[in-house]
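The structures considered in this document are given below.
Note that chain A is present in both complexes that follow, paired respectively with chain B and with chain C.
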Partner chain A sequence: MTYFADVGALARKDLLLELRARDTLPAMLLFVVATFVVFHFSLPAHSSQLASSGLLWVAIIFTALLGLGRAFVPEREQRVLDGLVLAPCDRSAIWLAKSIATLAFLGAAELVALPVFALFFHGLSGATVAGVVLADVGICAVGTFLGAMAVATRARDLLLPLLFLPLAIPIVVGGVGASVVGSPGRYLAFLALYDVLFGLLCWATFEYVVTE
Partner chain B sequence: MRVVARLYRVPLPTLAIASLVLMTVALTLVFYVAPNDANQGFSQRIFYFHVSIAFTAYACFAAGAWKALLHLWKRDPRADLESYVAVHQGVIFGTLVLLTGSIWAKISWGHWWLWGEDELVLFLVLFLFYCAYFMLRFSVDLGPQRANLSAVYALFGVVLIPVSFLAIRIAKSFVHPEVFTLHGPNFGGWILVTYCVAQAALLLFAHTLYRVELAGKRLDARLRELRLA
Partner chain C sequence: MIRARKVGKRFGDKRVLRGVDLDVARGAFAVVTGPNGSGKTTLLRLCAGLALPSEGELEVEVPRAAVGYLAHEPLVYRELTALENLDLYGRLYRVTERRERIGMLLERFGLWDVRHDRVVSYSRGMTQRLALCRVLLHEPELLVLDEPYTALDEAGADLLDAQLTELHGERTVLVSTHDPDRVAPLATQQLALA
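And then the complex of A and B:
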């Protein structure tokens, strides 16, 4: 139980920090809306609805990337990570808490972005929304993990998209499939499988990312 | 595992000569013995290399992940370098898969690139993934952290391979609804023998290259230690 108490305390710290500084969320919101406007002009007239459904997923991945790039910046600047690693808690709790916090930011950004998408382009099906929820879990789990890796390197922010995009391709496949196909069941199941597999892998190996 | 352990005791020159001989036999079989394919004719012979190289690349990635696991689990001091060299060989063979696949696609279908070919697309994803591995590895200073991050990322690779394969499969129904299968009804006789010999030749060749690179890298590391001392 102390494990979940640790996770709760760490996640609360991130949410509180964001509530006071308001660094990440406004940037994500502005970015996603600006992306939709860019997409509107990059789609020629009479493009099929399917094209914009696909672009929604590009917007989600890039918006998430923007948030994930910021996720470990406070830890790096204030050297909090050293303290967290020294704290008597399981190291995977650091990853889980950070994933929950980034999931909250991404979810909040999408609460605005999805209605805006519906307003600018076309309505969204229930399967698309379900796909977004499942994909968010995978994006935040894997993205937070890779974000922790990237801050440990010299290249830092440069590296995260390079590490993340190849791993995000299955998410895009699952998400776009759920949005455009008549029977989205197996795409949603695939997204859930991705979440479980990579969630377990991240949870099991995070310790090696932050310790030597 | 036994076979691999025994392979490590074979001296490098012997290994090099053996892989040269086996490769020559494979080339002879491919070009002079294996029958022409009824549909695709002579160009189908690239299949013996394309598929064997692909399998060899998977084997390299799997070996890299296995060594990564050994590093994290048993703290084997040699495992990090071995994992890196295996992944490096995997990327070299992966690039060859993309090249041979492109040539085959150009001759058979008239295009250098086909999104309908599962294996080509998968290797493109893996190529991007493992190129990022090198970026990651070389932007961390030499030391335990570099070894740990590389090992964890190499482990992600073996999970990504089946997941991506599945993703590419299910993406077909909305991206490219065309099914093509390599294994026709008559996959036997000389075709099977030639394929098996070519596969064995490439695996041995990859192992030889792996040993050569490992020996060079170990020498480098030793030299660096001596300089610092």
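And then the complex of A and C:
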């Protein structure tokens, strides 16, 4: 239980920091809405639903990337990560708490973004929404892990997208599949499998990312 | 409590520490001196458990929970208040009677009246005082202090002197400083890095 108490304390801290600084969520919201506006005017009239469904996933991935790039900024500014790493809590709690906070920001951005998408393009099926939820979990798990790796380097702003985008390809494949096919079950299962596999991998190896 | 044999550290091709031997007994007050770039901070980070040596053997006989590490940076969140920062660390270190302990430290280091202010509004000296509160919060057995007098005014430095004197003999202290005379009355051993 102390593990989850640590995760709760750390996640609460991240939410409080965002509430104070308002750095991440407004930027994500503005970005995703602006992206849909740009896509709306750049897609030819009467273009297929398939094309716009693909664009939804592009917008989600890049919006998430924006949030992930900011995820470890408070820790980087004062090297607070050293303080957290020294604490006697399991180091994976740092990753899990940060993933939960990033998931909350991404989810909040999508609460606005998905209705905007429906307004500009077409309505969303239940499978698409389920796909988005499953994809968010994978994006935040893997992205937070890579964000912690990138924050220790000088080329952090460059490194995160370079590492994250290749690993996000299965998420895009699963998400687009769930959005466009008639029976999306296997694509949703694929996304769930991705979440479990990569979630476990990140959870088990995070300690090595934060030790010099 | 600390035993180092031929300890070295490399970052890529760059060697920042070479062949350090160190024995620090329980209750000792060890002072590490040396010019800039001699590896003082690296040695302290190794002893605190923040890094692993690239060569040699290093044994620190206390668990992570019993180490208090003061770094160059205060390791506190600028957008949180002093109270919120210490509460977070208190939870992570499972400090019993957390509120009382935090209140006592904030009062001792003269931060009680500004406990609800965000750290970003603090001066460098006040932030260093808060960092000292963070280090002492969980009553660590081993104190690893990297240039603890940095940014402290005379009153703050006197407070730290008093605190170190109080802990002298009870806790093990490893401190790096450019001003060894300041801690000379307490020092039981000295290590000069070249």
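Quick note on the criterion: the second predicted complex is superposed on the first by the 212 of 212 C-alpha atoms of A that agree within 3 Å, B and C clash if a C-alpha of one lies under 4 Å from a C-alpha of the other, contacts with A are read in each partner's own complex, and residues count from 1 in each chain.
Operating definition for what follows: a contact is a pair of C-beta atoms (placed from the backbone, for glycine too) under 8 Å apart; a residue touches a chain by one contact, two chains touch by 3 or more.
Bear in mind the structure is a predicted one, so any value in this text is a computation, not a measurement.
Participant: With both complexes superposed on chain A, which partner does A:E212 reach: first (chain B), second (chain C), both or neither?
Facilitator: It touches chain B and chain C both.
Participant: Applying the document's definition of touch, where does A:A9 land relative to chain B and chain C: first, second, both, or neither?
Facilitator: After superposition on chain A, A:A9 lies in contact with chain C alone.
Participant: Chain B or chain C: which reaches more residues on chain A?
Facilitator: Counting residues of chain A touched by each partner, the higher count goes to B.
Participant: A:L167 contacts which: chain B (first), chain C (second), both, neither?
Facilitator: The answer is first: A:L167 touches chain B but not chain C.
Participant: Under the contact definition given at the top, report the residues of chain A touching chain B in one complex and chain C in the other.
Facilitator: 211-212
Participant: Which residues of chain A touch chain B once you look at their complex with the stated criterion?
Facilitator: That would be residues 149, 152-155, 159, 162-163, 165-167, 169-170, 173-174, 176-177, 180-181, 186-187, 190, 193-194, 197-198, 201, 205, 208-209, 211-212 of chain A.
Participant: For chain C, which residues are in contact with chain A within the complex?
Facilitator: Residue list for chain C touching chain A: 45, 48-52, 63-65, 67, 69, 71, 73-80, 84, 88-89, 91-94, 118, 134.
Participant: Report the residues of chain A in contact with chain C in the complex, numbered from low to high.
Facilitator: 2, 5-6, 9-10, 13, 16-17, 20-21, 74, 77-80, 82-89, 211-212
Participant: In their shared complex, at which residues does chain B touch chain A?
Facilitator: So the residues of chain B touching chain A come out as 72, 125-126, 128-129, 131-132, 135-136, 139-141, 143-145, 148-149, 151-153, 155-156, 159-160, 163-164, 166-168, 170-171, 173-174.
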